[in-house]
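Got some structures for you, see below.
Across the two complexes that follow, chain A remains constant while its partner is chain B and subsequently chain C.
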Partner chain A sequence: MLDRSLVARRDRPLGAAPTSNDRARVAPAPAGVRLSLRVRGAEGLSSLGLGLAINRMSAEGERFSARLGPDEWLLGAGEAELETLEGEIAAALGDRFRSVVDVSHRNVAVEIAGPDAASALNAGCPLDLSDAAFPAGSATRTLLGKAEIVLLRPTAEPLYRVECWRSFATYVHGFLVEAARTA
Partner chain B sequence: MLLIDCPFCGTRPETEFRCGGEAHIARPTDPSALDDGAWAEHLFVRSNPRGLHAERWIHAHGCGRWFNAVRDTYTDRFVETYKAGEQPSHPIDDARA
Partner chain C sequence: MAQPHRLPQGGRVDRATPIRFSFDGRTIEGFAGDTVASALLANGVHLVGRSFKYHRPRGILTHGSDEPSALLQVDRGPGKIDPNNRATVVEARNGLTTSSQNRWPSLAFDVGAVNDLLSSVFVAGFYYKTFMWPRSFWDKVYEPVIRAAAGLGVAPQVADPDAYANRHAHCDVLIVGAGPAGLAAALAAAKSGKRVILADEQPEFGGSLLHDTTATIDGQSAEAWRIAAIEELDGYETVTLLPRTTAFGYYNHNHVALTERVTDHRETPAKGAPRERLWQVRAGEVVLATGSHERPLVFADNDRPGVMLAESVRVFINRYGVAPGRRIVFVTSGASAYAAAADAKAAGLEVVMVDLRPERDCGPEAADLRLKGVEVLTGQTVIETKGRKRVAGLVVAPCANGTVGDRRVIACDCVGMSGGWTPAVHLFSQSRGKLAYDEGRDAFLPGVSAQAERSVGAAAGLYDLATCLTSGYAAGAAAAGVAGGRAFAASQTPTGFTPVRDLPTDANPAKVRAFVDFQNDVTAKDLKLAMREGFESIEHVKRYTTTGMATDQGKTSNMNALGIVSKALGRPLPAIGTTTFRPPYTPVTFGALVGPARDALFDPIRTTPIHEWAAEHGAAFENVALWRRAWHFARPGEDMHAAVDRECRAVREGVGIFDASTLGKIEVVGPDAAEFMNRMYVNPWTKLGVGRCRYGLMLKEDGYILDDGVVARMAEDRFHVTTTTGGAPRVMNHMEDYLQTEWPDLDVFLTSTTEQWAVIAVQGPRARDVIAPLVSGIDLSNEAFPHMSVREGAICGAPCRLFRVSFTGDLGFEINVPADYGRAVWEAVFAAGEPYGITPYGTEAMHVLRAEKGYIIVGQETDGTVTPDDVGLAGMIAKAKKDFVGKRSLARPDVVAAGRKQLVGLATETAALVLDEGAQIVADPGEPIPMTMLGHVTSSYFSANCGRSIALALVADGRALMGRTLHVTTPAGFAAATVCDPVFFDSEGGRIHA
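So, the complex of A and B:
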């Protein structure tokens, strides 16, 4: 008979339920519109968050704009706002050469909130998520375990939005649930 | 964890980056004028120093930008990083003995 202390705890690999840990709650975010905007030389413009510094974001309700690189923005909005958002891009950029790709079907968002959310994320994300290094309004592409994610922190609350590709969603969600349980 | 200073994003963990080999290799302006030896030299032969080495890196899981870095191949220490098209402020020819 094997000593009970040597028997590893067995977790079911599938069907991970939302975590009940109040210090790090994981929940899938509702579906929404996301556009990937690439444009050069638009830093001087103020609308749509085009004037943000690199790795900064602005958010208002369901709308958000995150600058992920020198010429790349991820724009988000509610499910019914695709045409509105496209109209705003056209109004802001006029004839300027750009690329706008609708990635709403590619991206899936999971939110993790609570005082231990950052340490749960740090189970797979090597970034410094302290308030000094990753304050409110931070947004960046990074890694969570083996999956590439976009990590957004819209407000000073310990609430992080993890955007990943659809095919990575079960992995990312399962990873966060597991990490939140032990955070 | 090794930290790399992306010229666009600041100091970030190494796992977000990929290396793209030696930097500042100029493509011959008229490849068809080269013989096979000279073309092979351009494609495959690298300096491979023991010491400071200019390399191309991409912040693949970040801003997605290519940039250049001077790294010491002996200590694996990054001496400086700079944007593509710029020149390093460190002389990169002081290889170790």
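So, the complex of A and C:
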């Protein structure tokens, strides 16, 4: 019988509090489920955002689906929803060949919001983040300074979610805080 | 009296806001809106620096970013100091400390001025001619002396405390320059509703309109038009206005780099605001409205303080309300200087106009000026200036058909000269556009564009105000893709000039010092000497004489230099060509280029979930790629060697714990996963059972080892691949490259899981005892869970992939848990291990332990030229496989030839001697040099477990040399060592199966 005191706690890499810059507020996002879904020829399906165009995303609450490439989706859900999400994938794709890999602990998210959020991101992201070029529902893999990120804009709000790998989180968070300060 | 040369009225300075700053220790008073240059002139200070080479007294030549002479050290507070600021660009404000450069002990008395007396020695190519022999003098004498004498100003001594920002931006139309042409272009482009960025290096938009006080546009004053235009532009949401922003580089795909000076002009900047911001703009279309530079005239001692450009005299009077002199002589070969002379006269200054053109070539401007009561001399040449540290007179003489008449000295305290205008085509040239020489304008003008770009206004050689506005508007509309032009009515601009090169003189040409490039101290004589010495290509002349080089980039000097070369060679100007303009247009601070990439943001520092624990427990860290890994855990009083010895013994005798989280991990998934693995690795994978692991070896196409790592089969269609720490991105790219380009038919997907898993290696005879109480759902017995197998279960309630693998040669487990659980599980394992004396060990002990077993490290035993057979791993290669990456290369003649270097062990004769890694190995230390080198040491450590030093080496035919004594270089001479099997510890290998 396992000693309950030995049950592992979960430590997120960023304990940082949100920064208080009103025009570009930077805050680490809570932990959640992230699955990397790779599948070919599933565009005709409507569930799980499989019908999205490349570089588009859909979001509802903690759930989101971002199509990052012809055969690649990043799926997000609340921390307790791993099995639910895996079940939905199984139901949607049946026997179709796919790769589902749990990357919940690989990915760390930082949110930046406010009227200067896009300008702050542009301190390190070379993409055009104007409403016309990067509207609500945009999602892409890109760069922030020297780190690779996935940049998500779930809604028309000036709120962007920056997902990076765990060991880059300190850099990415620090970069955004500095960028928000000098935007 | 403060500011004795401030005019009683006029100028854009704010006379209600006085400011003060220091120059060479003296307090200078000025007004808000002044530049350092205009404030100095208001106080009668003309001598502001010493020239680069000859240390000649220099003043203020221009009013803008083309200033070659007035370069100052500017100190804005502790650490905020930088050299070579143009006094004509730095905005004067309270709290600045400025000083002159290149002088000692003082600006007025400069010992270095002896160079000027020796100027006949310091001719073009002086360094090349002089510092040639003796060769041994170069390192010890010439270079140190040249380095000490070189450069202007003093580099800062402490780290720059300022913040610098970076901004990528996109727009449809970028307009560089907000003079009349740029403003008109912006008005037209903005109407389209497209995104427009308008940038100008000045604090205020308007360019020449800021000092052209008499001009009118569309029936109103130019100033009223300017204000209305800016207001209109400001009203557009889609228009970004960037004053104090210099476009300095024009790169491919309309990528233009600009620096915005955000806070230098502020006495108390907003907290945290950056000093500068680097803009990297990707523009759909670019409109270059960069204006033009006035040319100096080339005559003897034309660099004397008080001699400036005619238009600059006008700017100081009209824009800053400053009299650069009370008695001003204008010398010109064109019409524009007449406007300056008229404005000077109107400001109540004494004015004489000297025109180099014969009377018949002068336009109506000469008669107009005479009507204003100004003496106008035509058909003149300038012989020289009088005075020392300030001009006191100008010596002129009538000149016709090359015959110089009687000299006349005109007393003066300021000279305004104009040799015509040179369009600022620097950015156009950087864009790779082709320049074309226009004889009528005596200038290289933008010709064929290489990018989506248009040049307008003076940058295109159009100097008339109405033409500037019309061409600007048309270009702005066209750039924005909208139809429509409009005509502008504007007051007439006096334009046109006769090109002159060096002026005719009756003086001894050997004595004449007529400067062409003021910043680099190049005279007309230097250029002619270069020509006589056979330098005919303008690019060679530039490098030999330094004309047009460095930060100045020939802004004021380019056309004069070309003209002199053209005349001396007797070839037309287009045949001479022009030099390439290089970015940056004006100097850019290192801070702006570095941006936020300093300190913690210099590079991402990757740390594992267990990093903090290691830091708390005394770990020293080493850098491995971007990762920071625990190197060893020295206790107080222990040095690294003692710590590593202790850690190594602990693993062999009890149990050690090691953070292996940085290992690269790739999840290979799909029905063709095993086939994919077969093709990528030398090993066979088809028959590897689920739950089993195999050491995988991966080659490049050339047959040399690329990477290695343990691979586990999690399911029929799923592999958990591990790579080296530094090789993870390389291996992932290598695999993706093959999958996407060579074998798109394979049903396989790759996902990097390096950071999904924290990896805790528990190694040593007690490893099983330590983890057993924490693991659930896995039978840990040797029978159920043998070496090289993997099980999924839980540890401390966290899901885990538990590997029974060992990089130490002892019983070992590698616990993979989702990264966020890493630290908690590590702490639990550590606590469970304490009764067994569990010892955290670092990468150094890991290296020693694996070397004791002869396990290679890719990048240490291999260097990109090592095959599997070279390191004794040929047995890994699947014989039955049809192909794998690198297979064919393994049959290359040189790969199968005898005599290749092979991995062996080396046991030094002196057991305590630890060889140097990289040391060369020879058979006979008595062989004459060059000796036959057999190979080199790849790994070398002291092994506490073996009680002696151990080394791995690559030695030619090494496996045939077992037992032979070879000799290895050491700092103290050769050391004897015996070739031995690379496995130093537990050669039977029983411990790993315990």
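Throughout what follows, the second predicted complex is superposed on the first by the 165 of 183 C-alpha atoms of A that agree within 3 Å, B and C clash if a C-alpha of one lies under 4 Å from a C-alpha of the other, contacts with A are read in each partner's own complex, and residues count from 1 in each chain.
By our rule, contacts are C-beta pairs under 8 Å (C-beta built on N, C-alpha and C of every residue); 3 or more make two chains touch, one makes a residue touch a chain.
Being a predicted model, the structure only gives us computed values, none of them experimental.
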With both complexes superposed on chain A, which partner does A:105 reach: first (chain B), second (chain C), both or neither? second
Counting only touches as set out at the top, which of chain B and chain C does A:69 meet: first, second, both, neither? first
Between chain B (first) and chain C (second), which does A:170 come into contact with in this model arrangement: first, second, both, or neither? second
Looking at the overlay, what does A:156 touch: chain B (first), chain C (second), both, or neither? neither
Please work out whether A:97 is in contact with chain B alone, chain C alone, both, or neither, and reply first, second, both or neither. second
For the overlaid complexes, name the partner, chain B or chain C, with more touching residues on chain A. C
Tell me which partner A:136 touches in the superposition: chain B (first), chain C (second), both or neither. neither
Where does A:8 make contact in the superposed view: on chain B (first), on chain C (second), on both, or on neither? second
If you stack the two complexes on chain A, which partner ends up touching A:123: first (chain B), second (chain C), both, or neither? second
One more residue to check, A:179. First (chain B), second (chain C), both or neither? second
State which residues of chain A lie in both footprints, the one left by chain B and the one left by chain C. 126-127
Which positions of chain B touch chain A when the two form their complex? 1, 8-10, 12-13, 15-16, 61-65
Which residues of chain C touch chain A in their complex? 163-170, 195, 272-274, 277, 280, 282, 595-597, 600-601, 603-609, 626-627, 667, 669-671, 747, 749, 751-757, 773-774, 776, 795-798, 817-825, 828
Along chain A, where are the residues that touch chain C in the complex? 2-3, 6-13, 31, 36, 38, 71, 97-106, 119, 122-128, 130, 133, 145-147, 165-168, 170-172, 174-175, 178-179, 181-183
How about chain A: which of its residues touch chain B in the complex? 54-55, 68-70, 72, 126-127, 140-143, 148
